[in-house]
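Below is one structure, written out as structure tokens; the observations come after it.
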Amino acid sequence: MGELVRFGVSMESGLLQQFDELIAKRHYVNRSEALRDLVRAAIVENQWEHGTARTVGVVCLVYNHQTGDVGHKLTHIQHESEVQVVSSMHVHLDHHNCLETIVLRGKPPEIRQVADQLISLRGVKLGKLVMGSTGQGL
Amino acid sequence: MGELVRFGVSMESGLLQQFDELIAKRHYVNRSEALRDLVRAAIVENQWEHGTARTVGVVCLVYNHQTGDVGHKLTHIQHESEVQVVSSMHVHLDHHNCLETIVLRGKPPEIRQVADQLISLRGVKLGKLVMGSTGQGL
Amino acid sequence: MGELVRFGVSMESGLLQQFDELIAKRHYVNRSEALRDLVRAAIVENQWEHGTARTVGVVCLVYNHQTGDVGHKLTHIQHESEVQVVSSMHVHLDHHNCLETIVLRGKPPEIRQVADQLISLRGVKLGKLVMGSTGQGL
Amino acid sequence: MGELVRFGVSMESGLLQQFDELIAKRHYVNRSEALRDLVRAAIVENQWEHGTARTVGVVCLVYNHQTGDVGHKLTHIQHESEVQVVSSMHVHLDHHNCLETIVLRGKPPEIRQVADQLISLRGVKLGKLVMGSTGQGL
């Protein structure tokens, strides 16, 4: 990431006061860390909008493991996938419901396609794709 | 908004370089303006999350004016509404389809309720609520 | 849009009950209208994700008309733009602040580019792009 | 979830055709499953908007484990938290960067507060909260 650079920012006093209140509420240690987080989020959003560089996505699924053979199908899609399935975590929410988080590496359109396949399965009640990052350059 | 205050921000050189590329692409004149926009967006998001202060929302609707009496119903809801309907603009997209933007003032939950009433009408094909701001303090 | 087609949908009774509560709260007249709205929103989202077909976007801006010559710059960008600027509405929020909604026609990446130019102007405090639709086929 | 109920939905033929294309692209087995997914997503969104019932959230973090003692702080916040931290998964993205998914149970505002604490830590480069569900009633 290279050395730390310091530069000046100008902001109206009223806006700065509101920002200071917001970052206190969100537990930031200082303005720089809060601004860096806003900047990193904007960069990652732009990376996903363009979609040409390899990145990381997280698919979060809530499903009923007793519906059909959803468990096998989830595993099958992950093994057949052309994106790299790095790791997954399974949580038993109750007797019927499971939550699974699956970390995928690849280009955004490829990650989206695998996410669509997982989310559309019968038995999967809720599915969301988190547009993540490798952290490189951030 | 008060006087302009200047303060220092520290950022890793690699992150700063990516940010500079992004703000050039988005046509910002300098880092301060880009950072102020990120800060203002975060503050407005927080204001809507809390929802206790009066603010401004914009409802955008696409509808078929030939479906039932959707035009009359849209007008009726706006006149009966307890939030202040400031203004609206009507655009003829084609022979059947219209786009309407409606500016509402009130507290976030009140604005949401009117937006829900407008969006759920038969004939309204697409409806979105933009969480805006009065601009005060920003 | 063609004739009205009727088809059967199966849903667990518990899920259907929650859906009925939600659509009552949102003022829908019946399940079909609520489901059509969900379907239309999903189709429009997909159209914007792909971005090859001409569509309609709405840019909502809050700005301080006394900052520099933001008003002239907003007009200039709209006139120079290669996307079609259909119409705009201007609302005086208070002595300083204005809200403007601008309707643009073009392909999603072109609309985004003009939106970026408008939103990044100094004086523009808040800017949002609503991914709309021509209504055709919906 | 109770027995499966079947009911009729009416939709314009042109809209239905576009929907059929979209669900084929997203790998859905049939219209009912696709519509159930849209309905479940709308219900979960509404649950988070209201925020009074206990639910499940997933926090996804990308961080540099070499920045300060971010690892210890992440663990400390999770142990001190009043919401239930169900489980977490740690993925080594490269020599410096880690991705962590953390499953939390509690009411939406409580989950948000813990998420804010985790996301605002120095060393955490990217943090997102996924508004999940226990799956009950869906």
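When the chains are written out, they are named A, B, C and D in that same order, and each has its own residue count from 1.
Convention: a residue touches a chain if its C-beta (ideal position, glycine included) is under 8 Å from a C-beta of that chain, and two chains touch if they have at least 3 such contacts.
In this text, all values refer to a predicted model and were calculated from it rather than measured experimentally.
Looking across B-C, A-B or A-D, the pair that copies the C-D interface, with over half of its contact pairs the same by residue number, is A-B. Centroids built from CA atoms put subunit D at 25 Å from subunit B.
Averaged Cα coordinates give subunit A a centre that lies 10 Å from the centre of subunit D.
Residues of subunit D found to touch two or more other chains are 25, 40, 138.
Chain contacts in this assembly form a single closed ring in which each chain touches exactly two others.
For subunit B in complex with subunit A, the residues that touch the partner chain are 1-16, 18-19, 22, 25, 31-32, 35-36, 38-40, 42-43, 46, 137-138. The touching residues of subunit B, when paired with subunit C in their complex, are 23, 25-29, 33-34, 37, 40-41, 44, 56, 58, 60, 62-64, 86-89, 91, 93-94, 96-99, 101, 103, 116-117, 119-120, 122, 124-128, 130-136, 138.
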